[in-house]
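Next come two complexes built around chain A: one with chain B, the other with chain C.
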Partner chain A sequence: MSSPCRGNNGICLLLACLLVLAGCEREERQTRAEPVNETGPAAVSMTGLYPGEPSPPDPRGQEYEGNAFHLAQGKQLYTWFNCAGCHAHGGGDIGPALIDDQWIYGSGIENIYATIVQGRPNGMPSFRNKIPEQQVWQIAAYVRSMSGQASKAASPSRSDEMQNKPAEQSMPQEEPKDSSGSVPNLDGRQ
Partner chain B sequence: MRSLAPLWLVAMSALDPAGEQAGHIAGTFWLFTGVLSAIYLLVLVLLLGALVRSRGGLGREPAVERRLTRFLAAWAGGTAVIILGLTAVSYATDVRITGKPTQPELTIEITAKQFWWQVRYVDPEPSRTFETANEIYLPVGVPAHVILKSQDVIHSFWIPNLHGKKDLIPGRENETVITAEREGVFRGQCAEFCGFQHAHMALDATVLSRDAFEAWRESQLAPAQAPVDDAQEQGQQVFLTSACVMCHTIRGTTASSRVGPDLTHLAARRSIAAGTLPYSRGNLAGWIADPQGLKPGSQMPNVTLTAQQLQTLLAYLDGLT
Partner chain C sequence: MPPAAAAPADDGNWVMPAKNYASTRYSELDQIDTRTVGDLRVEFTFSTGVERGHEAAPLVVDGTMYIVTPYPNRLYALDLTQPGAPVKWKYEPKPAAAAQGVACCDFVNRGAAFSDGRLFFNTLDNFTVAVDAATGAELWKTRLGDINKGETMTMAPLVVKGKVLVGNSGGEFGVRGWLTALDAGTGKIAWRAFATGPDSDVLIGPEYQPFYAKEKGKDLGVTTWPPNQWEIGGGTSWGWISYDPELDLIYYGTANPGPWNPEQRPGDNKWTGGIFARNPDTGQARWFYQVVPHDLFDHDGINELILLDMPVDGHPRKVVVRPERNGYVYVIDRGTGEVLSADLFAYVNSSSGVDLKTGDLKYVEAKQPHMGQVVREICPTAPGAKDWNPSAFSPRTGLIYIPHMNVCMDWESIEANYIAGTPYVGANVRMYAGPGGNRGELSAWDPVKRAKAWSIKEDLPLWSGTLATAGDLVFYGTMDGWFKAVDARSGVELWRFKTGSGIIGQPVSYRGPDGRQYIAVLSGIGGWAGAIVAGDLDPRDPTAVKGFAAAVPDLKERTTKGGMLYVFALPRK
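So, the complex of A and B:
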């Protein structure tokens, strides 16, 4: 009797439809980028220092992080391209951990994209021309999801391997410690 | 091996057995069909008889009633015998097609992946083990021990002319035996819905004479053909320096990733992309240029290549016989 929808059925129906549409976006499988040849992010900053205003984040980052298909693909590629060989399944090994709040070269998806493509001192190889742009976006989005930075609604909820941490969807969201304005130290320590 | 037309015309029928196991299955099928058709026709005849008889009116002799009772009892007994008999036949067939050779002469390990088949010919001598994709070759009359695995989801291995279906389950190993009895090319298909491109997950089984099979095995064991001209040389460089090398192996080069199919003898295969297209240089060009247009959801990504790079890459890959 006290339904908030009484007299407003049309609006409620509209809201329900919008919610359903949000679900579609999560599930949409864009197997080939639009335009066909995806490109990398235009502006990548490794520091919190800049003159004037910072560049706005690349809108594609949101698209890749909010889509279950891209995150699942990223998770698969993370294993196939042997990211786990150095970073393990997020806890870090001879490479830095990816599930914590420490981001030596920036926590934004553009920063992670740049790190994968350019490589970094002390062991991170450069995958330039080796991983297609769309797949780099997918891996970068997945890496963000490992510390709970990507959309909870889209992050993978289970793993194929044995894990010593919760699935990406259940990871507590870390507060990245890269935006303090401190200039990263290129020998790998902060 | 470059014929284009027969790719879509190869046999794919469980009723045209070309192997021992498929023969048992087809025999059982025809026995069931024959017995059950005869019973069905008999029932129809008796039903017709009953319809005609009922016009004769009521009030039958007790002797006629007794005869009818005996007939019905015999009918029920006969039904039980036939059902038990067919159950026994079905069980016997099952035992015959699931037998495993104690000393398999040929072992093939098949790993199903979304959406293709990785095929490994296992030999006790490791240097004689090799990999191919989306095709199996079998010698006539040799029982092949087939080990079935899956990398991701449940698939089902089915070459109707040679054997029944057998699932490939992640984390488990299934096994079966295929004994081909007739030369020819037979089509196989994933028979368990496995995702976006389930329909484009086919494989070919080519049955050869023993000598021809050994020749094929030797050709597969050889490393890839080295580039013979400038275009192929450049194509090889394109392959080794671009995204191809992240997933594929070409034996004899530094490319040794095991995510995608082994391409060492790509140009000798009948099809590309797990039976999606017949192999030809033009189809290969289309596949590399836009795999997600031809087979959306497959794991082969769109890779940005210039026209020059694509042409030299094709020259190289087309030489990998």
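So, the complex of A and C:
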């Protein structure tokens, strides 16, 4: 990586100051959020086909996906709840891969939330009433980060485990191909 | 030679996956031989319509072929008396789709068993089914396990003295392993022998006379575990069973203890990772030998058990030969459970031999997994030097044809959480080719000389079974779809045919209604080794498929999925 600091202390100092200032706007870490008050998304779309204009996505999705704390929590919970047992570190095993562009039941965070809670007929267990709602959001957000869908700035930059794939922050962003549809995207990408 | 009572003269049928109770997988048919095999060609094919791993052996009984598919476990009867072998009937058990979520290593099925006009097989969602071989009508269906505990059933039953012997799968889900005998007529459970827990559950009683001191003691299935860990300790039986009618003993193995992470289960973890001899009528244990006490590497002890009567140190002995996951060919006295020899057939650095006096496997300390540490270059891997895919034995050559692997791994133990119905593993694993770079090997093993006669290096891991014939041929398939015939005496390749998908099934040979000899095999990639293709997984994550993805990152470019039966014969004269 080329460094602007090399041979120019002035610029380096300026950058350092900017960084300090930027630090004042650190994300809000909801370490004391009340999971009991969190709820899941409303009914999710299972298709990209809809009459008229698409419905706006649940704004909480952006909150979870753009927040490093939530993504880091999601990463830990992904292992603790045995997600890794079936999906490995995203390459898949008993369950499908999560780092690729294929999404059977939708790639949106609301769809992933619904998949975790409801389960799916071909082997995905239902975690309904087993994982607190906020933690499901965190896991769903982390799952999005595995294929580069979440904010790069907030995505985990390293793993504590044996080196496997690149960390979420370095994963190339896949273009999700939803075979069963997803949350309508306001960018009109669907 | 195999004992005659366990390997009767070949009638041209193929009624159980192992061919006979001695598990020789040897056909006495010799129309196709080393001179004529070059003319072998496809006679007919049949699409199973299933895209998952096809590990089963086709069965042939008096002009009808029977095939059981991976989930959804359809059973097809093909009429061999008609041109093109049309479907005579099909039976659909319609297993619960959710069972796919608790099958550790693809939704496979290793075949059916025929006995007395009936076919018996297991469904992924834990039913054993009996079907009328003539009509396809269901005769009985008995539920034996629970997918919400992580149980599935994938093994091929063995029918012994009117009892259908079946075992469960789920060693990666913290299930409690068992072997169960069902009455072939009614489907009622006759006995069930657990692999963990108190002696009364394991069916250890007055008949139990193990050879080694380490296998003796009260309730070892409880005391060799941390408190209550045996309840979720694994020891499933998803592999092969053999039967000696003279000694009236069945032989089968128990799989890995759970979780994989060995530090979560200090102790010998009995009765996992070993071989049981039992009375088929009562299930009572006669002897047990724990091949891998306190298993460190997911080394299920479920491989095939070939019954032979052969000289050992110049004396005739009744033995059972087991090419084991840990890389040794074990020769064991099948009356007593004494290990007579254990010799390496593959590259191994995780153990340094077997002490024949105590029966202990000598683990290498440097290769032992520890939490928070990545232990590198452990050979062999979790699937072992050789997994479930069975060897064949030819009495003409005296050789055992062992399909195996040459793969090593890095292993990091992590703490496994037990959540019923979800995986209970506790290890990050990535695998790669062993020394030399060839990931597979077919070895012809001389059990008397205790040495390899010849071997063939294969680029991809071998996950198919082998078939030996009286034409001095050995048949096997590769994961990129080549079906090969080699000279049983020299290993020289004589014929090959490219099937549509990778081969992980068990080839068989039979005499057709027209008197000709046929060779049949199911093609269809999958299983643990081929799940990367069958499940369309992503090899960029080397830990995918419990680390097997890293060993075969090229497989998706080399084969595609889809189940198809191929049947070969020589041209009509």
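The rule is simple: the second predicted complex is superposed on the first by the 144 of 190 C-alpha atoms of A that agree within 3 Å, B and C clash if a C-alpha of one lies under 4 Å from a C-alpha of the other, contacts with A are read in each partner's own complex, and residues count from 1 in each chain.
Assume a residue touches a chain if its C-beta (ideal position, glycine included) is under 8 Å from a C-beta of that chain, and two chains touch if they have at least 3 such contacts.
Please read these numbers as outputs of a predicted model, since none were measured by experiment.
Using the contact criterion defined above for the overlaid structures, shared-chain residue A:Ile94 touches chain C, although it does not reach chain B. In the overlay built on the shared chain, the residue A:Trp80 is in contact with chain B and with chain C. In the superposition on chain A, no contact is made by A:Glu63 with either chain B or chain C.
Once the two complexes are laid over each other on the shared chain, residue contacts for A:Gln135 go to chain B alone; chain C is not touched.
When both complexes are overlaid on chain A, the residue A:Asn164 reaches chain C alone and has no touch with chain B. When the two complexes are overlaid on their common chain A, residue A:Met124 makes contact with chain C while staying clear of chain B. Touch criterion met: A:Asn37 reaches chain B, while chain C stays clear of it.
When the two complexes are superposed, the chain touching more residues of chain A, out of chain B and chain C, is C. Touching of chain A by both chain B and chain C, each in its own complex, is seen for residues 80-81. Those residues of chain B that touch chain A in the complex are listed here as 152, 170, 196, 241-243, 245-247, 259, 290, 292-293, 296-299, 301-304. Across the complex, chain A meets chain B through its residues 29, 31-33, 36-37, 76, 80-81, 129-135, 160.
Chain A makes touch with chain C in their complex at residues 79-82, 85-86, 88-97, 99-100, 102, 119, 121-125, 161-162, 164-165. Across the complex, chain A is touched by residues 97-104, 172, 374, 410, 412, 414, 417, 419, 421-425, 428, 430, 531, 535-546, 549 of chain C.
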